[in-house]
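These are the structures, in structure tokens.
Presented sequentially are two complexes of subunit A, the first with subunit B as partner and the second with subunit C.
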Partner chain A sequence: MSHRRPKSPNMQNYRPQLTSVLSFGHRLSGVALSLGAFGLAGWLMAGASGQDAFGSAQALLLSVPGRIALFLVTLALFYHLCNGVRHLVWDSGRGFELRAIYAGGWTVVGTSLILALALWTWWPA
Partner chain B sequence: MTIRHIPPFARARGLGAAGHGTAHWWAQRVSAAGLVPLVLWFALALAGGAAADHAKLVAWLAAPLNSGLMILLLMAGFHHAALGLQVLAEDYIHSGARFVAVAAIQLACFAGAVFGIASVLRVALMP
Partner chain C sequence: MIVDRSDEVPRLKWPRRFPVPRNLGVAVHSRIAEGKSWPAPEGATRIATLRIYRFDPDGMAGPRLDTFRVDLDDCGPMLLDALIWIKSRIDTTLTFRHSCREGVCGSCAMTIDGTNWTACTRAMADLAQPAMIFPLANLPVIKDLVPDQSHLFAQYEMIEPWLHAETPAPERERLQSPRERAALDGYYECILCFCCTSGCPSHWWNGDRFLGPATLLQAWRWLADSRDEGRGERLDALEDPFRLYRCHTILNCTRTCPRGLNPGRAIAEIKKKMIERQG
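The block that comes next holds the complex of A and B.
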């Protein structure tokens, strides 16, 4: 294997477009949600360990950096969820016209923002 | 010119060069479909104050429906995470570290699921 050749993907050669930005966002939000999954496991462990451990976990989550991280995970969750449904529609062989791809893309952006903000407006803590 | 990575019989069976065919792709879609209702359930429960304090969390998580759904969320979530992170490692790591990364991803996700499920069971089966 040659090690000096440029290897795909060469993102720097492309002008950012909605399609590529959303595609990269799907991967980035997936990484954020993977970290969130480990956070969920840790949070459940704290809950199972007792009141004191759960109190410390909640204090961490409800601190300012904790809330920022939680909000970003919420945003990643709803974005990945909506865009994942978009992917499932594509998997059924539908929605490949350029207009449909852009319409679906903007719908995903709007819907995920609305859902994330709605959840945080509703959230009691 | 056609570059043939796959012998004719394997091509006819449609299982690809590694013999795994569409297993990874299909598992990613199935876990994704399962996660849609599970993450919505969890988000709504949190917004409804299910984990506002420790007593509420324990009472909520100990209900059989909620423990079951939480275990399903952990299983589907960590499975989906392992499948997705594996794709990222395969796409972006171009050295031998790729195999180490894929193995580490799978082991870490397996551990995350087990620790999470053990915690749910601890709460659910608490006397």
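The block that comes next holds the complex of A and C.
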């Protein structure tokens, strides 16, 4: 053999499907929430260290990039929560029919979007 | 948007693959170059274009993507027919496995337009244009569309896919009630084409230690068998952070099974048994 056996492509060639995309999303939102937890800790520490620090933190959070980041964290929170419930249903051995997998997936997408938007619409700012 | 059966062809034209460069993270010897493009056969009116992954183990070059044009009026209706047509009319070196041509042997499993399926049960009419034909994902390639599955079969052997019995063999066969037999429905039909394992992202990243959906479905087939007496040892062998628990219920497996089986559910049943025996 004059050439090493190549490996056929996986991620680079496989079709993104609701199944895999939502799973990657679950992992990604989990990472986002971990980072968000650092942000939350930083915000609390700023609040504990006095008015000036808290003021700067508030200014940062309420800036446009800050609000976008906050929105993404709330979206990650609701998505991770809803998809977590979907995983609990699977852990009970139910919901494995393809129709249920897809219907549940789209429900999670819709519900997490609605919850995040509702929070930002009605939260007394 | 809602998928009812695994044989439904994806309807969304976009995205056909993840928005990453084709050779992202791919070792140099696995990178795919542009290959040869064959002209349409003379006089053909209905033409389908197939982009096919080629690799010649005797040549010096790495894998390439060749373009073939098939005369649909001169060949059968399925992708396997088109591959055979190409082999006999255009390029005799095109290499692929096939046997039963009716979806019960699993030999011709390949990645077709980005999902795994058997070429003999995928109609040409259901392919994208141009259609993308690759060997089963994430496997070493022996030649063209023929992947090396020895690792997958070694994993299958690990779950000891035969009856474990302590009790002495009876005069005649070990009996099962119709209800006990029905517990194997949806599991015994697996043809080991490995479409599911090859389509499982968890197996892509951890395939050296994670057993993958096909093997785990087979594991459940033996755990669910009323005649089998090795349940404890079978569960012991699977109680491992990688062998079983690298399954994160992505469910690409259930979406892609050409037999319409449900490896995802089989794995959930194994996990339930693990919990049950902890009491």
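By definition in this document, the second predicted complex is superposed on the first by the 115 of 125 C-alpha atoms of A that agree within 3 Å, B and C clash if a C-alpha of one lies under 4 Å from a C-alpha of the other, contacts with A are read in each partner's own complex, and residues count from 1 in each chain.
In the analysis below, contacts are C-beta pairs under 8 Å (C-beta built on N, C-alpha and C of every residue); 3 or more make two chains touch, one makes a residue touch a chain.
Note that the structure is predicted; figures quoted are calculated from it, not measured.
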With both complexes overlaid on chain A, does A:16 touch subunit B (first), subunit C (second), both or neither? second
Once the shared chain is lined up, is A:7 touching subunit B (first), subunit C (second), both, or neither of them? both
After superposition on the shared chain, which partner residues are touched by A:45: those of subunit B (first), subunit C (second), both, or neither? first
Which partner does A:96 reach: the first (subunit B), the second (subunit C), both, or neither? second
Could you say whether A:60 touches subunit B, subunit C, both of them, or neither, answering first, second, both or neither? neither
Have a look at where A:69 lands relative to subunit B and subunit C in the superposition and call it first, second, both or neither. neither
Please identify the positions on subunit A that touch both subunit B and subunit C, taking each partner from its own complex. 7, 9, 87, 91
For the complex, give me every residue of subunit C touching subunit A. 1-6, 10, 15-18, 20-27, 29-32, 53, 55-63, 111, 113-115, 132, 134-142, 147-148, 199, 201, 204, 248-252, 254-255, 262, 264-265, 268-269, 271-272
Listed in rising order, subunit A residues that touch subunit B in their complex are 7, 9, 27, 30-31, 33-34, 37-38, 40-42, 44-45, 47-48, 50-51, 54-55, 58, 74, 77, 81, 84-85, 87-88, 91, 119, 122-125
Which residues of subunit B touch subunit A in their complex? 29, 32-33, 35-36, 39-40, 43, 46-49, 51-54, 57-58, 61, 70, 74, 77-78, 81, 84-85, 88, 91, 94, 108-109, 112-113, 115-116, 118-120, 122-123
Of all residues in subunit A, which touch subunit C in the complex? 1-20, 23-24, 87, 90-93, 96-99, 101-103, 106
